[in-house]
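Per-chain residue numbering starts at 1, and chain names A, B, C, D and E are given in the order in which the chains are listed.
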Amino acid sequence: PAQSQGKNAETIIYGNTAGPGTLDPFVGSSTVDLEVMHHIFEGLVGMDANYAAKPMLASKIDVAPDGKTFTFQLRKGVKFHNGKEMTAADVQASFERYRKLSPNASVLADVTEYSTPDPYTFIIKLSKTNAVFLDVLKSPVYPFVVLPAEQKDKPAREVDIIGTGPYKLAEWRKDSHLTLEKFDDYAVDTTGKPADGLVGKKEALVRNVRYRFMPEANSRIAALQTGEADIIANVPRDLVARIEGRPDLEVRRLLACQQYFIVNTQQPGTDTPEMRQAIRTAIGVDDIMAAISRPTKRSHAMTIPGGEYYNGDLNNQYYDQKNPKLAGELARKAGYKPGQKIQLMTTATYPEFRDAILVLSEQLKEAGIDSEVHVIDWATNAANMQSGGGNWNISSTQFCSNPNLGPQQWKFMVYNFPHVKNDGTLDAAYDKFYTSQDLADRKTAWNQIEKQVLDQAYMIKIADTGLIQALNKKRLPSFDDYYINRFWNVPLK
Amino acid sequence: MLRLITFRLAHAVPILLIIAVLAFLLMQLLPGDPAVLMAGEGATPQAIQEIRQRLNLDQPLVRQLGTWLLHLAQGDLGSSLQLNQTVVSAVAERLPVSLSLAAISLLITVPAGIMLGVVAAYARDSWLDAVAMAVALIGVSVPTFWIAILSVILFSVTLGWLPSAGYVPLSEGFVPWLLALIQPAIVLALFQIGFLARMTRSAMLDVLDQDFIRTARAKGVVESVVLWKHAFRNTLIAVLTVVGYIFSLLIGGSVIVEQVFALPGVGRLVVQAVLTRDYPLVQGTLLLFGFIFVLINIATDILYLIVDPRVRYD
Amino acid sequence: MNPIVELAEVSKTFALGRGSRRPQLLHAVSDVSFSIAAEETLGLVGESGSGKSTIGRMLVGVYPATSGRISLFGRDITGSGGKANLAAVRRRLQFVFQDPHAALNPRMQVGDAIAEPLDIAGGLDRRTRLARIGDLLDMVGLPRSSAERYPHEFSGGQRQRIVIARALALKPDFIVCDEAVSALDVSMQAQVVNLLMDLQREFGLSYLFIAHDLAVVRSVSTRVAVMYAGSLVEIASRKALYENPLHPYTRALLDAVPRVKGAAKPRQMLQGEPPSLIDPPAGCRFASRCPLAEPRCRVETPKFRPVGGDHHVACHLVA
Amino acid sequence: MTDAALDFATDPPTWRHRAWKMAIRLFRHRSFRIGFGITLLLVVVATFGPLLVKTDPTAMQMRFRFRPPSERFLMGTDGFGRDVFSRFIYGAQLSLWIGLWVAVLSGIAGTFFGVLSGYVRAIDSLVMRVMDALLAFPPILLAIGVNAALGPQVHSVIIALSVSYIPRTARIVRASALVVRELDYVQAAKISGASGLRIVWRHILPNSIGPLLVQLTFVFAYAILAEAALSFLGIGPPPPTPSWGNIIAEGRDYAVEAWWIMLFPGIGISLAALGMNLLGDGLRDVLDPRLKIEG
Amino acid sequence: MSESNILEISGLTVEFRSGGRWITAIRDVDLTLAPRQCLGIVGESGSGKSVTALSILRLHPAKSTRIASGRILYQGRDLLAVAPGELARIRGSEIAMIFQDPMSSLNPVLTIGEQIGETLRIHQGLNRADALAKAVGLLDMVRIPDARRRVAEYPHRLSGGMRQRVMIAMAIACRPKILIADEPTTALDVTVQAQILNLLRDLREELGMSVILISHDMGVISEFTDKIAVMYAGQVVEQAVGDGLFDAPMHPYTSGLLRAIPNIDRDVDRLATIPGSIPDAARMVPGCRFHPRCPEALESCRSEAPAMIDLGGLRQTRCPPRAERQGMIGGRS
């Protein structure tokens, strides 16, 4: 049994908290969905290691000067897992399906026309200039991948899991495990680019990859220790010691996400910028970082260093102010009456959110601001954050793709979660961002956006956060970290 | 007896209907919106609205209930919102896991619990009684979770005797199946043994000072037989009740153990369905639970008739 | 004379065996008719297992009759409306169980057990209630301090007295005494019998007095009924029955009574097997053991018929 | 004792008199005394502890995360550097309160339904099937539902847990009732015209009390643990408020590294369960006149 | 112990715990039983007959009873001291007992066949089927109709008399050396009673079985026993061999008892009784225990607890005045 699930020369075993909710790429957004999907499906473009858009199934991409027409040349001889060859018709059908049912479909709102002049050419026309359209298409979340044309009318979540990726789905037992199997007819990208991020030359070096879903951190660690898993994700920071003692195991820290407090601008108590700023002033991030059981790094910025839009220390003044006295004064000026309770909403599903909120509650108390913590299930928390209902002032959440992928990915969040209304400054900056073909202009626009969000304390940055993974060095000597775990080009010893 | 079974089963039908309606209403009471969860992070309100429409969540409650009941009447439990599976297949996939776990656990609990209880009653107020009582209490008050983790660390990590987690279906062999489940089953059993032991003890104490025990002794029956045959037989009603009860507990909710040992059982299924507001799945699982519990309890009732000739039903 | 208890062709069958096996019927009581008048004691004697207790239990509604009609105080407690009628006469009925151990709640103090009918009737203050308990204990010859003790602390006879005290608590009009005194020593038995008779004289009680001790039955009864294998075989005034028993079974019974200082006459033992109640034989049920049996006794069921006065008997051979 | 017996002859035993005698019997019972001692201790801790322990149970000191027990932190600290001892003391009240109420409520309702179906044959099957139906609802779902209806508060937890233990208690009571109702003394009471209520109260219940008491002591312990599971799903008292359950729940990831977080509330629950069990044993014995209570 | 006795009880005192105190149920009971003999014990209900009988096989509830003093010698061994295993062997096979409460003394969840057969299986090593077959035979023997069919019945479905007969069948199954029968026939009609008594008589003759018969029925006692002990308030107050007791009772209590026997040959309107009631064991009267109810009580009876007086001719009494009046005082025992 230990053997049947454990060490196997043909199978990499990966333990993560949960399995995918769905493998329908057009509705898949959570990490657990994505880390499976990107092995099975591929899109026209994809991200490289620096999160930039690169061709994947496309061999060549032409963007018309007006930024409205995009022409993709498709790679030839790409086979679906069902043996059929991929053509432009499949691409078009996929886009059409995407538009019909993806939660992210609004980004295709400006599309006026798709055309397929020949089986290997695909053209998209937009009604408006979109300077970042390719960046939109590279999104790993709700990825714009290509499905066989027959899947076009399948309702959301009901597609057959057939892609063009290096692995195909072999078995999926909900709440237990999922097995990927090497796709023998995989059309390796031979354009000469080495593997890079999600693109480049991808090769399945092992027969199978088995994802095991193990919700308990303790169990995952045990599985790694016993050899029942080769690599595990989501190791709580305070349990790392158990792994670090072992010579054959290795701990990897990955900082690809950012955690924020989201402040509800429509809720009495936090409906004035002054009060929100008072709250921000009370916050010291060190204690919060200590409390959340994840790897963290201090950073005020909403993008990540190395990315195109990273702006250095520009908006640093809004970060980690840690001044309870001042915060108290500001709050009083903003009309806060002692005893009035700020409602903090969080969930136990994600301990790091809850822990941040608990510390926040203590810090507010120090500043003389009373609060009340409501721990609810994630379903309700998420729904309330979306709708603004549920009487909450502050909640906490984390963003992973948004900081990496650029301002276009942020837009919906920065408006919707804090329920921002009538912010001309923000609107103008975003308008400029989308319409300018000039990167420098767009960068300026982003700086304004970031400043506005942080200054108005729509969102209060806590830290860059990430995950701890651990693996068996002996079995996986050359596993490469990325913000989505990839098992191609990974040899197993 | 056949009539009794049919009669009781017939009673179950309206009850299942009640479960159905209650489950439905309860789900409506819950805050949180399945559409939001399905849409995922970053979805636009339109997208969410669309999902809502597709799932008929935008229709009036009565209408939704009506449609669901109508389908139910045709034997269609619907499909899960999250799993891309029909409710029936989602449950059918996990039930064997839960049943296996429950069965093994019960096989450990019942002899151990009864043994402890009978011995404790017999040796009432002695050190044996105290030990049995201590075991009983440890079982309930030490968090299952903790025992589970410590057990994994000991038996899987340190000793390497047992797999640390995961389920192996019976079709892949009896031994692997047993090895995969033995650890969680024991952990679960630890939680229940105490209860069964205390119940058995209590029932035994009631029986032990009755006249017919004296008769048995007068016949020269040795103490162990007095204990097991004469006294214990008379506690079977109480014991069966507890066993039935434990069985339903085991099937319905060993969420923590399923989670620690990464077993795809119905306990987690239903909790996750609740947490993700997977209405059809919750409703369907509850109905199934209801049905199983009705079956278990009817079986217990019938066993009552067999173990105690005095019991009668009309 | 207005009978307070009347049975008309009452039968009771029990289903033997359980489950899907086809149940066999046990005919515990077959076509029994008799009546009891106010201030009368009907002694009921007979073979053990002949259905005496079953009749007693049917009379107080513990078992429903399978067929026939039972009326108490003029109300029919069988058939439709039986329940309500029974409820209406409850207070006037009592029952003394054969097994005093099972008839007492082991967790109830004796005083409370005795006072149970009083408490049900209600309306007594503490002091009166207590006084009543004391009186009742006196009546049955138990120390007053027994009230605070529990049934298991008493001997069999003492328990029986507790049960009797309970039955007397409400001064009912009709009591079924199922072997009420058989567990008592003779002096206690005499005390209780005297008490029952005093109460009868004073309050006009009636009794159905089920017993095996024919001497006791003779001293308490006004009339005596004899049962054999579920049927009534003879009923007569006590004098008639003891001095002129007509049915062979009655005679056998009287013969078998053990006497102090040796039997007066040589004992004639009944031979043969008692009949099965599951498939009762045709004809007279006593025929198989009857020393006088004739061929027709085994074929033809004898009618239960009057043979002068209120003497009834079911035997072909009685003129 | 004899004096009491003498009194009896002259003076009717009052309700208070009986209660007093019962208390005397109870206190002669060794297990009861021990159980009472333990329970009393816990109640005292829960009631007066918070007045004596000055450390704020919610105050966080990140410098002192995960400190093992020491003189300064008697029971160590948790992942927020909060003093587990202080949380333990403050948490006692809530936990005991929940355990007690759930045991009481589910005990009353469960007994009611159990006896109802065990005694009134006509509705037995029906009541039991309704109980089966209730059984089908996992406590979590009930809790979320009640919570949604009544708002997140301790009451919601108590109600949800009580409701989910009702069918279980009911079945246990019913099982005893099924046997007791056939006994002669119940028949005797019926013949005397006893109402169903009286039969149940005076005959069936006292003779079914053993399993019921065991059940309730267990419900008590289960409820304390279940509260933790629920409060971790955000149902019930919000987490900065300590309860033994949520101290354990918060410590669960560190079961090995920071064992002290789970250990002490675990011991607390054990003690409470032990106390309750001993109390229950004592009560059971005292209610059973056949067992002599040794001095 | 005298060679001729199979059982000798001497100085037996048994106490019960009640309301926190030890109460003496029987005091200084001396009884002997010879092989083949039938000892009858009569006495007021509550006088300690059953307690005495239960003591022989040590069947009292262990927690609340103590045997304060005494010896019970069976074939030379003190039954109060034999090891539990040995006691279990003796119980049922060599000494068997019929209990007074037939309903509560039968196990409600075992069929009567099983309960009777069990004794045989334990002591005679029969297998289940043989034991059951023999049980049917025993049921026949105790005159239960349809024995073959009813052997599979549960006790609660039998009439009182049938249960009692089941108890009897169980007790005689292994043909014991001593049968202790505590009111074995109270629930039986006289014809069956006669049959059962005949059966017991046959067994006595065939096997040399001794019987201790506790009964209220003076007729039964008189017809069946060779020696009679009269108990009152926890003491044996009179003992006699043969019918002497009925001819000339040597204790006023016995006289009262005899007077109270109802007469089957005459209609009487009132039975004679002994006035008063048995004293409360918790507050035992000083002096002779019967004196408050005794029509012949003297001043000395109130203060002096009388010892057993041997009257010769195997008669004993605890009533000194009567003994004196009869001029029959022998040595004190």
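One rule holds in what follows: contacts are C-beta pairs under 8 Å (C-beta built on N, C-alpha and C of every residue); 3 or more make two chains touch, one makes a residue touch a chain.
The model shown is predicted, which means the values in this text are computed figures rather than measured ones.
Here the chain-to-chain distance from chain A to chain C, counted in touching steps, is 2.
Among all pairs of chains, C-E has the largest number of C-beta pairs in contact. Taking the mean of the C-alpha atoms as each chain's centre, chain A and chain B sit 38 Å apart.
Averaged Cα coordinates give chain B a centre that lies 54 Å from the centre of chain E.
Centroids built from CA atoms put chain D at 49 Å from chain C. With centres set at the average Cα position, the gap from chain B to chain C is 52 Å. Multi-chain contact residues of chain E (touching two or more other chains): 18-19, 61, 101, 103-104, 156-157, 282. Multi-chain contact residues, meaning those touching two or more other chains, occur in chain D at positions 5, 144, 182, 184, 233, 255-256, 288, 290-291. Shared contact sites, meaning residues of chain B that touch two or more other chains, fall at 30-31, 149, 153, 209, 211, 275, 308-310. On the chain C side of its complex with chain E, the touching residues are 14, 16-17, 24, 45-50, 53-54, 98-102, 141-143, 145, 148-149, 153-158, 160-161, 178-179, 182-191, 193-194, 197, 212-216, 218-219, 238-239, 242, 252-254, 256-263, 267, 269-270, 273-278. Residues 7-8, 11-12, 14-16, 18-19, 22-23, 26, 29-31, 125, 133, 136-138, 140-143, 145-146, 149-150, 153, 194-195, 198-199, 201-203, 205-206, 209, 237-238, 240-242, 244-245, 248, 252-253, 255-256, 270-271, 274-275, 282, 286-287, 289-290, 293-294, 297, 300-301, 304, 308, 310-314 of chain B are the ones that touch chain D when the two sit in their complex. On the chain A side of its complex with chain B, the touching residues are 1-2, 4-6, 21-22, 24, 27-30, 101-106, 141-142, 155-158, 173-177, 212-216, 218-219, 222-223, 225-226, 228, 349, 376-380, 382-384, 386-387, 390, 402, 412-413. Against chain A, the residues of chain B that register as touching in their complex are 30-34, 36-48, 50-51, 54, 82-85, 90, 93-94, 149, 152-153, 156-157, 160, 162-168, 172, 175-176, 179-180, 259-265, 268-269, 272, 275-277. If you check the complex, the residues on chain D that touch chain B are 30-31, 121-122, 124-126, 128-130, 132-133, 135-142, 144-145, 148-149, 168, 171-172, 174-176, 178-179, 182, 210-211, 213-215, 217-218, 221-222, 225, 228-229, 233, 248, 252, 255-256, 262, 266, 269-270, 272-274, 277, 284, 288, 290-291.
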